[in-house]
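Two complexes come next, and they have one chain in common, chain A, joined by chain B in the first and chain C in the second.
Right after this comes the complex of A and B.
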């Protein structure tokens, strides 16, 4: 297990649907609603609780979207912090159990 | 001693519900109120009314929550219990029509949520065999759109639209739930051609709505009261399906009859598959 890694998992209290190339995510506990762009969708879909965020950024974001790795990592951390604040993503420095979004 | 109960079947959205009471005056009231929606169909569900309550009409928020296998519905002016498995419920209220309307709306919202349908804060009407929905906050123009409708347009409701999935899309049904127009809708249905979110402006125009914005607006205007995560998630899935299968636009309109020409033109020019699907 890499040291100082961040692990992210989708909360079980959310519902998610892909529509017209975008991911719609709703927190069913309070009905707050989010639309994720392509990059955010890639991170959200890769949030399995076992893959470190750094690896998700390197393998999924930098390769698919041709972005600067440092910039992509900083953007990903901001995005994860925001969705974690809305209880859409769970964040830990240990691997997590992830329940698939409905 | 139990007084003799009489019942009347009220069928809204092709869902017949038997409403029973031992109070003859209340039975007359509901016959008048739902005159266009009385039915001889075999009821799918049953609600018994007990009018011994002395609750007063209230502005407090409705609460709908689970109590074991049953739903508890309550506001200051009524208390009700609904057993979805048995399809039966009881209501305690006094003999006022506003409580009766609210209980029926909640009950239909629960039944519809399980069946992939929903109640929407929207006016709706049938034009050239197609249903059009006009949604928005109070004052956006729902009742105005129905008042401006040409004589060949059939009013389904000026306040609460009733939507169910149907072959290839959704169907809108008339409801007796009236807004400012104070007129019941016609008891008929048609396939939904488009949903417009209303805004009033100096001229008529129809604009695209991004699918995320369409889902967000739709969710905001769906009438749903139950504190239940699973049903809320079902409703979210239904809203996404609706956005994927029905054209949804922003309609800015100047309040005169020409807006209906634009609605007709939109219908005749619209593609079969919505652009945001």
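Right after this comes the complex of A and C.
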């Protein structure tokens, strides 16, 4: 397990579905509803609780989208912070469980 | 435009079934006087069949899933079905009379992350509510269940169907909802029985009472706009589609039949014989429903209300033609605005013609034969 890694997992309390490549995410507990763009959707779908965020950004985001790695990492961290604030994503420095996203 | 409306419009434009209403049973522990269902079990889908349907709905892009009935808790496997649905990450709503919900069930509902529980309450007076449900002490039990659900922090909506027996009680139910910290919604629509019997339409509240409901600021927000005379229909109004039925919404019966809407009993296919997406994409009936724009409506296309009417194509279908008028909605448009509809003018009526007592033959919501 890499040191100082961030693991992200989708909460089992949320509802989520892809619509034309963009993910709709809803947390009934606080009535929040988000639609995620293509990049955020890719991070959300990769949030399996086992893959470190750094690896998701490197392997999925930078590979798939033509973005600067440092900028992508900073954007990903902001995105994760926002969704974890709404308890849509769970964040830990240890691996977590996650529901598969469709 | 809110984000939710934007998403709904996107699904509509793409033809994605973003919302599905699924009745898991028609059996019920109440016998409401206005209910349109046949409560006998004619071969409900099994647990595995429903789970398989839910898998297909998730693959098809369904996000909002409403479980209803009948009474959903008449199925012993109901929580197993909800658990499966939540694992598939649907946003789940439940419609129930709640009399079978106790503390343990309320806790389980919270654990499963249900979005909203919609519960029918007909009156704040126990004797009136119980006379409608024909289940003694149902008021007491339903209200107690709402308390259990609210104690769990769950979102509860009280649905108040108005009919002749309770139309003066809406203020009392609204107050009860406030006391219970629940949302309140009112519905003055009574639909014909599944077998075509329209006798229950006699329970619809009289037109003048409907006018009072529409002009009550406690019940209707933005009243000035709501009750304003209709604007002259624009080209966009005539190019528009009646509602989301068959476009981004559909209904699945306990027997696996798929319909454009719970209030639109046009059989389009059966999930025991066909895949959901085959029915959704290729059913000729679904395609016909989808093809109808306001300009194609036989009477309503020339009606001044066409851009603002709540015309339900399912109710129109039950009256004889999915392209025709829906008398119940003509009535609502008239009593809302005071302006006669094209259908009324065509019939030479100064007030809407009631369909009460008509005996039009309707299609039953039952398993239908679909070629394999």
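Convention: the second predicted complex is superposed on the first by the 99 of 102 C-alpha atoms of A that agree within 3 Å, B and C clash if a C-alpha of one lies under 4 Å from a C-alpha of the other, contacts with A are read in each partner's own complex, and residues count from 1 in each chain.
One rule holds for everything that comes next: contacts are C-beta pairs under 8 Å (C-beta built on N, C-alpha and C of every residue); 3 or more make two chains touch, one makes a residue touch a chain.
What you see is a predicted model; the values in this text were computed from it and never measured.
Per the definitions stated earlier, placing chain B and chain C onto a shared chain A by superposition produces a clash between them.
Once the two complexes are overlaid on the shared chain, A:46 sits clear of chain B and of chain C alike.
In the superposed model, A:91 makes contact with neither chain B nor chain C. Note on chain A: of its two partners chain C and chain B, the one contacting more of its residues is C.
After overlaying the two complexes on the shared chain, residue contacts for A:33 are found with chain B and with chain C alike.
When the two structures are aligned on the shared chain, A:67 is found in touch with neither chain B nor chain C. Touched by chain B in one complex and by chain C in the other are residues 13, 15, 17, 19-20, 24, 26, 28-29, 33, 35, 102 of chain A.
For chain A in complex with chain B, the residues that touch the partner chain are 13, 15, 17, 19-20, 22, 24, 26, 28-29, 31, 33, 35, 102. Across the complex, chain C meets chain A through its residues 3-4, 7, 10-11, 14, 16, 18, 58-59, 61-63, 86-92, 113-116, 155. Of all the residues in chain A, the ones that touch chain C in their complex are 12-20, 24, 26, 28-29, 33-35, 99, 101-102.
Chain contact summary for the complex, chain B toward chain A: residues 211-212, 215-216, 219, 229, 232-233, 236-237, 240, 243-244, 276-277.
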